């Protein structure tokens, strides 16, 4: 989409051109339905749908949500209809309201689950990218997240990549974006491991571990005690991680974490992001992505930016 | 769903820790049991509050001050405005035939407000529900007269016996002659209602859950029912008796 | 200090009783002087003075400060008068305005530096605790912080502990509190390593890595690019880390990160903190610690707490 | 140092992107070149702004809108209040003998405001400084008449030549007959001042730095000088010429 005054917001993410870099983040946009009732979601670059697992899941017990200063904690626990539900019910619905490629967010609790879900979703026509969420606990490794150990991260990335490549002839070799957890000593180390293992792109960052305590009950607010912290409060953390990782990898980075206004988008891109995801902000202001897309051209003009893609990594 | 900057027409205390706020309304169709989600300055998440009553030009809500958000809300002054999303949730379907001739409407504490709009709608359809309200004490009591002004019989239970019957709503009501019931209040009260009311009687329960979005996007408020997982904010907050897993 | 209505705020930290748990955090309270002009700092539990190194240091180039949503980034780089300056100039000044034990925050870029500075400060009469800041980059190990590797953390803790024990007869065996960095995959693992190596207590957490970009220049705001993020925004992160660590160690924890009101103090203690540090909040409201100490009794009453120490770890 | 909720007496635009705010004052003693640190709603860190002028009951500040904080500040209305810390920094010592009979006062852009209070104080002590002010263009010019009303000669340079001499302050002034100088403005201007003025002439420079606290607690604003590290917020913002390391 070319904005007013010759500003150009197009960016290219793993071979697919986005009209603009704005991408609602997985888990904060459902499968698009609630938002398509509010605005034409075709204005988006794309969107990442709710993390999908092999079987349908109810997720964690409630309360799953806690409030924080300029942010929130969630512990939804990957409630989703399962890969069958997504393929049979959600994707047909998505195709009615969205005419672009969609990003399929994939979760799993074993390597096999990741491979199966990613493989099946990649065969779906509307799926443009597989976004592999490796922040999930690995049931075969004592619950440690796949995404906290470079070797495990590389193993799951490599296995999924191989499966996708194997379906090349069926059009199922979609670009593989690996979404990393910030709860690690050195995210760029995990990033490099994923790149070497075949990732075509990276999303940084997933939620930061956090908790709140309810003073009235003296207990953690969230039933699961600790959850994932996100929202404007975490922007500086995400910016730092995108910046550091950009210096270590050649594949494109999708920046995510705390973005809630067009200025944040510009900062994220200057730090090194090609695409920019908006998460928790959608929950508080469901029109936020539309507002950001509409306001971006004037912000670009203000800072003398003609082509948005020119600023990617510009702060280095 | 809409986003509005509603004008605050009034915001006044009506009982201990209990406030009534009247907001401007643009006439959007509402149902009893639905709620609005309020953005307060300085707080990240919105606050869900039931619609207590409404007409073409106003919406009335009643809220208890239980935390920092509602404490801040009580300081909002008339003339100002407040950012709301509405209407949210399924609400009560007052045209449901199972309601029958003699519904009972039972509200407890912060669960009383949505029952007022429900009663007004039921009365408008020619029904005369029996109203049972529970409060901790007479100091926290509100809207009794308002319910009576609808022409309804109102029984009150207070935990400390400072008004009406001493005890809980379940100490006041009997299911002997009712055709259905509606209830909203603390979870303990909802459970007690389920145990008290005869198995065959249709009932509608209104639930609360901590919410991320309030409009179905985040799966923060899910609840397992006999018909699968439901979002309290979207397929709720009103659930039918037979689907609830206690 | 016994508050009104029989509320008792006393806590015990490594054998020393604090009148209340409130401790201004290192680097946000200088050596107390600026605050002693504003209020009687003897009302504090104690305070932790600016991180001290072997030699005096100018620190990092400016700009060293960036603003964030509900927080800030700093990259002061341990500007301090050096251990001689602290012993000869600062501690004598402190003794004039503060009649309690003070917490000596110690930094270093080599094991030897930590041992020397900690040892010398521990011999000072007014020093009650050594707080070892192990977030500093280790010059001998490629700049990786001591605090990001359990083995290195244990090594420096053990060496300092041994040095302190060796000066027992001179009264120099002060309790050793190790202050941990949150920028790790599993802070509780580092905590356990420090406990085994002899730490008497832990402070959690130091600043979180973060950055901001100045859209006008297109460059990082901070001269050093990435800095340490702190302030109210990071409270949920600190709470989660204190909570998880409390389940793994027996030594007391000093909670730190994002605390800015009495409710935050209660949450931090319920999560598992014995003492509670207040950092960035001092910079914006220099009277904040006084206000918190004055407001604590009424908050305790509100939540039915008679003895503050009774709530330590209460959320578990 | 004090913390005050100062009343906003007025807040008006006086030039392009330039606003003057007058605040109530409690009479606390102030020095020219000192600053206040302002807490704005919704921003974590305070904003340091120089004291431009003051009397027993008021403080005047002048600020440029350069970012989100100052953009928000321009929307503050008279009658409201604002949370400030003051007085901060060392300020200028107008009793210093080295000032001599013919000081020059040089201000550029957002560095002009503190020069006004300085001039007023110098005049009060019987001195008649020559004033040289630099602006980007006449649109951003302010307070020229105010300086003249002090009875002072004012030379102006604008970068685009839209008023006064086209160029920089250093194109206007000559050190031929001055005994000392004071300067505040962008770093480039400060450096140019140092190069332009004869070596033996005493000078006082006012610096800016991003600040954490503004009162000496955080070491966020340090600057290496010939006499060691100094905090711009405490031992500064005014540094003496001979101590500055360019």
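All chains are identified by letter, namely A, B, C and D, in their written order; residue positions are counted from 1 within each chain.
Note that contacts are C-beta pairs under 8 Å (C-beta built on N, C-alpha and C of every residue); 3 or more make two chains touch, one makes a residue touch a chain.
Since this is a predicted model, take the numbers as computed values, not measurements.
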item: Distance in touch steps, counted as few as possible, from chain A out to chain D; value: 2
item: Whole-Å separation of chain centres (CA-atom averages), chain A against chain B; value: 37
item: Chain B-chain D separation of Cα centroids, rounded to whole Å; value: 59
item: Intercentroid distance (Cα basis), chain C paired with chain B, Å; value: 47
item: Residue numbers of chain A (touch at least two other chains); value: 66, 68-71, 232
item: Multi-partner residues of chain D (at least 2 other chains); value: none
item: Touch-based graph of the chains, sorted into line, ring, star, complete or other; value: line
item: All chain pairs that touch each other; value: A-B, A-C, C-D
item: Sites on chain C touched by chain A in the complex; value: 66, 68-71, 73, 148, 183-186, 208-213, 215-216, 218-220, 225-226, 229, 232-237, 239-241, 243-244, 258, 263, 266-267, 270-271, 303, 311, 314-315
item: In the complex with chain B, residue positions of chain A that touch it; value: 27-30, 33-35, 37-38, 50, 58-59, 62-72, 74, 76, 79-80, 221, 231-232, 280, 282-287
item: Interfacial residue positions of chain B with respect to chain A in the complex; value: 1, 3, 39, 43-46, 85, 209-213, 215-224, 229, 234
